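Okay, so here's the structure we're looking at.
For reference, chains read A, B, C and D in written order, and residue numbers begin at 1 within each chain.
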Amino acid sequence: MRESFRFPIRVYYEDTDAGGVVYYANYLKYMERARTEWLASLGCELSTLESVEGIVFVVHRVEIDYRNPAKLGEKIDATLTLVELNRASLAVEQDVVRGDALLTHARVALACVDRTSWRPKRIPSSLHHRLERLP
Amino acid sequence: MRESFRFPIRVYYEDTDAGGVVYYANYLKYMERARTEWLASLGCELSTLESVEGIVFVVHRVEIDYRNPAKLGEKIDATLTLVELNRASLAVEQDVVRGDALLTHARVALACVDRTSWRPKRIPSSLHHRLERLP
Amino acid sequence: MRESFRFPIRVYYEDTDAGGVVYYANYLKYMERARTEWLASLGCELSTLESVEGIVFVVHRVEIDYRNPAKLGEKIDATLTLVELNRASLAVEQDVVRGDALLTHARVALACVDRTSWRPKRIPSSLHHRLERLP
Amino acid sequence: MRESFRFPIRVYYEDTDAGGVVYYANYLKYMERARTEWLASLGCELSTLESVEGIVFVVHRVEIDYRNPAKLGEKIDATLTLVELNRASLAVEQDVVRGDALLTHARVALACVDRTSWRPKRIPSSLHHRLERLP
């Protein structure tokens, strides 16, 4: 039930602030990109989940530690490991790293909900099976 | 058919980039805030236009000149003047200013479209009347 | 050492995503606006802290719970209560609310650091005194 | 003096708004990413230009037409063609396309300026030579 996924990111001006580093909220964007590409790598496009299965994954809790800043032009990675899997929710640990250096670490808890009512809904079984079988 | 509208804005870290100034795309956010509040001042909430009238205003062209940068913490204004009004479209001139100093000037052309089909649709008559009668 | 501060915010298109609600990272922008205005209300402008005192406040940890979504056009508030004050760091509890309804709750830990070296630095004594004396 | 450059982009939630499409200001982010990668492909990293040559490229005018919207999850491209080259400025034409479909077209004028004074400064000769020799 574990899988390490890694997604490369480049820091552009849009990501930085007047402090010369990546703006603190933007690491959440990086992490969401990695989650999207991770699900896509498992055959699940978010737009298909929504239009076909009628579900969306919503974040309900984030704990994030900022250790070292990323800077303009740097090439960094957002990583992901599945750490919890339930019927209608899951949790991932996500790092932003520059080579071996840890920049930011987060634990992100997500709920699978009906796209209209936002009520909890089971993770589609085909996706759930794939998540269970992760090495 | 003219009206000058002014909306105050404060520059936060989220708006700036590593160059120490407001990121160039973010002036479009400021201008959209001013358009939203201008319509609200005329009794038109965007969310009501969408849910009740079934229309949205979409930007189809922007010409924007960057003269002087806005910086962290500054209190600036986004202004708006209606310069063109048609059945299903309009155009506004918008400045971002710091006191008397012009920072950015734009002309923004908007189309009124059906929220679903994105086909042109007449501006609701009550709003059109109010826009025509602007001093 | 407690103080409740409240800052009004309007939800614009820029804040929302294709799910029809405020994008999860953007609540951190709202919270940062409230922190900036709270410090300003205590006589501390961030740009002055940086240029005169040579310090910046950097976020080193956020725990955030998403309870209910904010939507386009809504008028909401970001609140702030100081919950921890040390020589070179502090922590605040921050809510985003719509009227009485809690939308998002966070605890944000900040460090006072040298603007160049990013090493911990004492909170300027005039600001520290004001923070200590908060009701 | 012409060169067509193409940079792939994926549309994430962060890019979209409650209208279900890419927020209009965010196309400027896509275009800036393409400009950054284009310069990098010519051996010029923005961060090096700034720290070594003491210059930055600032946008002073954008004309942008919005034709068709990009949507969540789509894979699109930002293209770039150099159309004007002067001693201290240049202009590029930039499209955002989905396959053969044109979504957004812009002309972006940039000035080369001193990083501190923001006064016009010659484009570094090594870069200028490379730009002149583009096919």
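Points to keep in mind about this one:
Everything below uses one rule, namely that contacts are C-beta pairs under 8 Å (C-beta built on N, C-alpha and C of every residue); 3 or more make two chains touch, one makes a residue touch a chain.
All figures in this text were calculated on a predicted structure; none of them were measured in a lab.
Set side by side, the interfaces B-C and C-D show unequal numbers of C-beta pairs in contact, with more at B-C.
Farthest from chain A in terms of Cα centroid separation is B. A straight line joining the Cα centres of chain B and chain D is 24 Å long. Note on chain placement: the centre of chain C and the centre of chain D lie 33 Å apart, centres being C-alpha means.
With each centre defined as the average position of its C-alpha atoms, the distance from chain B to chain C rounds to 28 Å. Counting partner chains per residue, chain D has residues 13-14, 19, 25, 29, 32, 71-72 touching two or more of them.
Considering their complex, residues 13-14, 16-21, 23, 25, 71-72 of chain B touch chain A. Contact residues of chain D toward chain B in the complex are 19, 24-26, 28-29, 32, 56, 58-67, 69, 118. Looking at the complex, you find that chain D touches chain A at residues 10, 12-14, 29, 32-33, 36-37, 45-47, 71-73.
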